[in-house]
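Notes for the one structure printed next.
Letters A, B, C, D and E mark the chains in the order given here, with residues in each chain numbered from 1 onward.
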Amino acid sequence: MLINCAAYQDGKKLADISVADISNYVGRPDCFVWVALRDATEAELATMQQEFGLHELAIEDARHGHQRPKVEEYGDTLFAVVHTIEFGATDELRVGEVNIFVGRNFILSVRNRSTQHLLGVRERAEHEPHLLRHGAGYVFYALMDAVVDRYFPIIDALEGELESIEGQIFVRGSARANIEHLYELKRRIMTVRHAVTPLMESASKLWSGRVPGVCEGSREYFRDVYDHLVRINGTLDSLRDTIGTAIQVNLSMVTIEESETTKQLAAWAGIFAVATAFAGIWGMNFEHMPELKWRFGYPMALGTIVVACTLLYRRFKRLGWV
Amino acid sequence: MLINCAAYQDGKKLADISVADISNYVGRPDCFVWVALRDATEAELATMQQEFGLHELAIEDARHGHQRPKVEEYGDTLFAVVHTIEFGATDELRVGEVNIFVGRNFILSVRNRSTQHLLGVRERAEHEPHLLRHGAGYVFYALMDAVVDRYFPIIDALEGELESIEGQIFVRGSARANIEHLYELKRRIMTVRHAVTPLMESASKLWSGRVPGVCEGSREYFRDVYDHLVRINGTLDSLRDTIGTAIQVNLSMVTIEESETTKQLAAWAGIFAVATAFAGIWGMNFEHMPELKWRFGYPMALGTIVVACTLLYRRFKRLGWV
Amino acid sequence: MLINCAAYQDGKKLADISVADISNYVGRPDCFVWVALRDATEAELATMQQEFGLHELAIEDARHGHQRPKVEEYGDTLFAVVHTIEFGATDELRVGEVNIFVGRNFILSVRNRSTQHLLGVRERAEHEPHLLRHGAGYVFYALMDAVVDRYFPIIDALEGELESIEGQIFVRGSARANIEHLYELKRRIMTVRHAVTPLMESASKLWSGRVPGVCEGSREYFRDVYDHLVRINGTLDSLRDTIGTAIQVNLSMVTIEESETTKQLAAWAGIFAVATAFAGIWGMNFEHMPELKWRFGYPMALGTIVVACTLLYRRFKRLGWV
Amino acid sequence: MLINCAAYQDGKKLADISVADISNYVGRPDCFVWVALRDATEAELATMQQEFGLHELAIEDARHGHQRPKVEEYGDTLFAVVHTIEFGATDELRVGEVNIFVGRNFILSVRNRSTQHLLGVRERAEHEPHLLRHGAGYVFYALMDAVVDRYFPIIDALEGELESIEGQIFVRGSARANIEHLYELKRRIMTVRHAVTPLMESASKLWSGRVPGVCEGSREYFRDVYDHLVRINGTLDSLRDTIGTAIQVNLSMVTIEESETTKQLAAWAGIFAVATAFAGIWGMNFEHMPELKWRFGYPMALGTIVVACTLLYRRFKRLGWV
Amino acid sequence: MLINCAAYQDGKKLADISVADISNYVGRPDCFVWVALRDATEAELATMQQEFGLHELAIEDARHGHQRPKVEEYGDTLFAVVHTIEFGATDELRVGEVNIFVGRNFILSVRNRSTQHLLGVRERAEHEPHLLRHGAGYVFYALMDAVVDRYFPIIDALEGELESIEGQIFVRGSARANIEHLYELKRRIMTVRHAVTPLMESASKLWSGRVPGVCEGSREYFRDVYDHLVRINGTLDSLRDTIGTAIQVNLSMVTIEESETTKQLAAWAGIFAVATAFAGIWGMNFEHMPELKWRFGYPMALGTIVVACTLLYRRFKRLGWV
């Protein structure tokens, strides 16, 4: 679905143009065309391929979707795949895709399986003609920047989740829930990593070393995006590392709790075993058991049992077992 | 076994030719010969070595088989080993091998221990003369691409297996089965990694930096194959990482379950120990135990025992132990 | 908030100047201006951007804060973000930020969320005119050095904490506290790492390979800072590694202690079970149990029980179970 | 001990020569001398040093032995240390050493602490004059290739051991034996790694980038050796990784088995506790316990106990505890 | 404290000279001065700084001590920090430091906190004029070599310790001691690593790539030192890896032992529970329990109990539980 299609010159919008007119504008030296598609059909992609002379392999990638994030050069044209991440209705992470084709005189973005629109980027760009004057390369930056900026709230949410699990990790009896949450969180982090890490690697090629011509004028802007990706990546690494440690610590806590339960069991089993053993002894049927005939034999027996159990209880108390 | 042998010029098939004629066609500048062998005999390999002037070490590798995937240059000729992977009859992974020799004017593929045929590649190539015109290098790409494309369903199957194990991981009593499945899955993943990782490393030499002459015109195509391999490799890494975590989590679950069992044991042992201790006390043989003579002594005793056990039971219930 | 603003020439302070005069001094070839701000307002940053011609992206980073440590070149100007770390009131680590802009004729430092002032740096520099003569680059070094030097006591404190935990790790019953402390310590170390590791990577660009012009004359000084950061980083790596091992060892100790408790439980359960079994046997109601009628049957029974239990106790003692 | 010493020209043996004659032959431009020593004495090494002009440090390494595998250049001469590995009498791995000195006109091999002789290499080389014509560099390759080829059966044996342990890993009660075998296997793998990994790194310098002059003509052969080493190294990495997982899995199996034992214990303890509690109750000495006087009171009691225990047993059976 | 100070020319000692004369000799082109200090005072360091024109930052490092090992260039002068390691009185590792300043015409070594003297180096050097002729660079090598050579017995001791722990690892009941030893060993290894790894990295700059002028003539010697450091580093890596595995294996052994104890406990608890249950049954007070009146009822009861317990015992024996 075509969202919009406009030609720009000297940092200002010339006009909204029809798809058929694209080739006219692309030919003009100081002018560039900016087209935005959403969930593009095969026909739309075919038209775009023809209008902009896009490489067959890039178009195929855009058609199939589910590519890993990347930035590839096909002659003078760049083809970039960027992942969008958003929370779905039931709090699961949903991954979409923005395919971007950039040439000297055009930029084409194709957004798939994503509810986040990028209209704000165009609006903001049109209000900053001094920046938009940099051309298609700057628009490319603005689109990447918009997508990457939306990673931050996701990261914050994941950090929040981890913190809430950490608040539970030393609470008795929460081990099972903790481990399930940690596992789930780890999966989410891997989803985000798959969006971030390959993009970070690709983005570094846009500002350091030999830079594609179309990005040359916006080097410092791409370094800024790269910097954000490095920061996010670092945070993800920390999260992953912390989750690993948290799983280990959680296992330790389970083992410690089990050990405490075992001690408690040992203590109470001991106390009752003593009572039972004493009772057993006075339950024997020997004829000559003088204390059985004593007037206060029974209270004495009960007393003995209570005293023995109490002493034992105190000892275990002191050991911290009960 | 010779599968077929044909000469091509200008993107079109000239003729199916006999092995003896190969040398005639290889000599012509704009022509190339495409030979396909299956489970080649020593004699066939020797003939090919002579016809195409192949290097002794490469032929030896093809003869012995069981090489790791690689792409090697011998002068102007490339020698590539690519692994095929398929599910065997009893769901185990079977690894085969395709050895490919590529020169400026010829391409020779030798398929060993694999039921996957590559006829489709030739057919498709013959329908796209504008691509086949790129020559032997393009055919080389088409063969690699065909083999690599068949890795994807394998990867999907492995991901599916992991997901089905993950669905079991928090289910009580499934730990033993889970751990066996995870271990088996890890082995399969390593089998696939052995096919993918070395090939990925070699494939990068076919499009970046100094590229062998025969691949020069198909750089972007090889980058596409490389990109697929990087994606597969990334997925394998994730799978491996997830399996590691899953094994750890599974161990935690076992420990948690054991801990729960211990608590249950402690609770019930406690309840019965109390009953037994009371019964033991009233089973003592003291002469002066007034309650033994009460009319309702026995029901009172039973009542006491039941009340004590019930109180204990409730307490354990509240603790979540029973 | 402006802290101070002065112009220097030839290693000596010319005068404290007002912000409005900055542009006069920046123009003079052998003179440089050194401005220090604290928790700068947007207006102050805007003024500085204009006076020194700072890049928009750098100013934005300074405004937003919470950047990762870095050193970036914008044309001839360097923009550095350095983290300060200090212990807060309740012993938690608080991270602040110093943003530094350096050009050929100026240096501007903006300190945010940090109680550590950097006045000492200016004072010391003004007492060493032979060093201050190196210009803005040297001041940049002096500021970095001051911040990095304050990492050392933090590192020492963390090492001290680890040592005090290690002193507890083989003490029985301290596992739960140990694991909590280790987890907390790991978090602190990660906080410090986030300050150190990216800065180390950036600092290496200030002395090796192509060095930014403004740092050229102070290469050996920056190498010294880099060296400190490498040392700190190495210590953090060791700490992290040791904590990992300590968590593992702690888990082992818990398991060992549990195993010891289990053995003790087994031993005492065995001893009482023997007593109870004997008592049970002599509590049976058979008519013909000759020993029940013996005069010393009861003492004999008690003796038998005591002897059996003692033998058992000794055996367990020898096994080290009780 | 001198094994043999011969001069070669144009791919053919000229003559077996005496050590004293070496210097005559080394001087001739198209001729090279091939000397093989075994467990060389200091005197022999000193002679060789003089005859071939070997560097003092290389000779010292050869004298001391126990070097790590390496390939070093001393001017035009190469000094290589290669490890031999063989199974000793009691199945332990024994590591020997071959020191090789290669110059433009000579090759000297010194074999230490190894029962594997290298005569086959000379024999095979003398039958292939077209290869031997490449000179000392080719002989160097042939020696390395012979040693490396003998790593394969070792690797196969280690893989076989791992497989036989894996066959035991899910068998109950084998955990202790498994863990001992895994630990032993890990040690062996590290022994082989110490021979392979450093050699692999050094071997890469013999075919890629700037290659020592003497190896220039045999580049493709050294790449072949390198390729074998990479394959072996990959297998060792897999083995190591698999052992790590196997140890983890083995621990899980122990924990699972313990958990199963705990459940069984809990079940049977419960069943007997019920029997004992019932018996205890009817063993109380209350005067008014009507069922004690019933004619079929005793069978009823036994019946009750049996029924209660059976119900319990069935329940545990259903839970899979007994 | 000054140990000695001498001037050398052409590989021979000219004279022991006084500190005041140093500047005379340093000026002569073919002559070099070799000064050795121990636990140098600030005054001594200041004198040396003046005599040899040493850089302020290097002197500061030497004054403060506790630097990580490194080799730094200050113009034509090299500054190296090397750690000495020795066993203290109570078997703990003590780390000292040798600071070395090397210029074209001088070498100054400052030994701190170390009881190992380096006099042997000077003596040996003076006996080998053909080597000493290489100048200050060669002396630098000789000092490094002497320090590094003393790492080997330390490494051997650590390997011996690990072997003695490994001998205990599968012995029952030694888990607690093993884990303490392994943890202590790990700490020692990290101490040695801190001396070795940074030095290894620095040493590589002394023989490969652009080498500092003063070391140019001794490249092959520095490669030899580097080679030793790589070997030691490899051994330390192995030790670390093995300790990791040993801790894991030790934990497994504890768990296995606990599992065995649990089984034993289960078995004996079961045996006694059976005896107690039988006794309980015949201890019930039913009037009509015919066997109670049998003449041989009691022996029969005892017999039944003994038989039941024996059968159970045999079964557990067969299971390997007792």
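Heads up, the rule we're going with is that a residue touches a chain if its C-beta (ideal position, glycine included) is under 8 Å from a C-beta of that chain, and two chains touch if they have at least 3 such contacts.
No experiment lies behind these values; they were computed from the predicted model shown.
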item	value
Leftover contact groups, counting everything except subunit A	one piece
Shared interface numbering between subunit E and subunit D [over half = same, under half = different]	different
Fitting subunit C to subunit D on CA atoms, where both chains share a sequence, rotation angle to nearest 5 degrees	145
Averaged-CA centre spacing for the pair subunit C and subunit A, given as whole angstrom	25
Centre-of-Cα separation between subunit C and subunit B, whole angstrom	40
Subunit B: positions in contact with at least two other chains	248, 251, 255, 258, 262, 265, 269, 273, 276, 280, 283-285, 289
Chain contact topology (line, ring, star, complete or other)	ring
Traversal of the chain ring from subunit B via subunit D	B, D, E, C, A
Contact footprint of subunit A on subunit B as seen in their complex	169-170, 220-221, 223-224, 227, 230-231, 234, 238, 241-242, 245-246, 248-249, 251-253, 255-256, 258-259, 262-263, 265-266, 269-270, 273-274, 276-277, 280-281, 283-289, 320
Subunit E - residues contacting subunit C, complex	55, 57, 67-68, 70, 72, 74, 173, 175-176, 179-180, 182-183, 186-187, 190, 194, 198, 244, 247-248, 250-251, 254-255, 257-258, 261-262, 264-265, 268-269, 272-273, 275-276, 279-280, 282-285, 289, 291-298, 301-302, 305
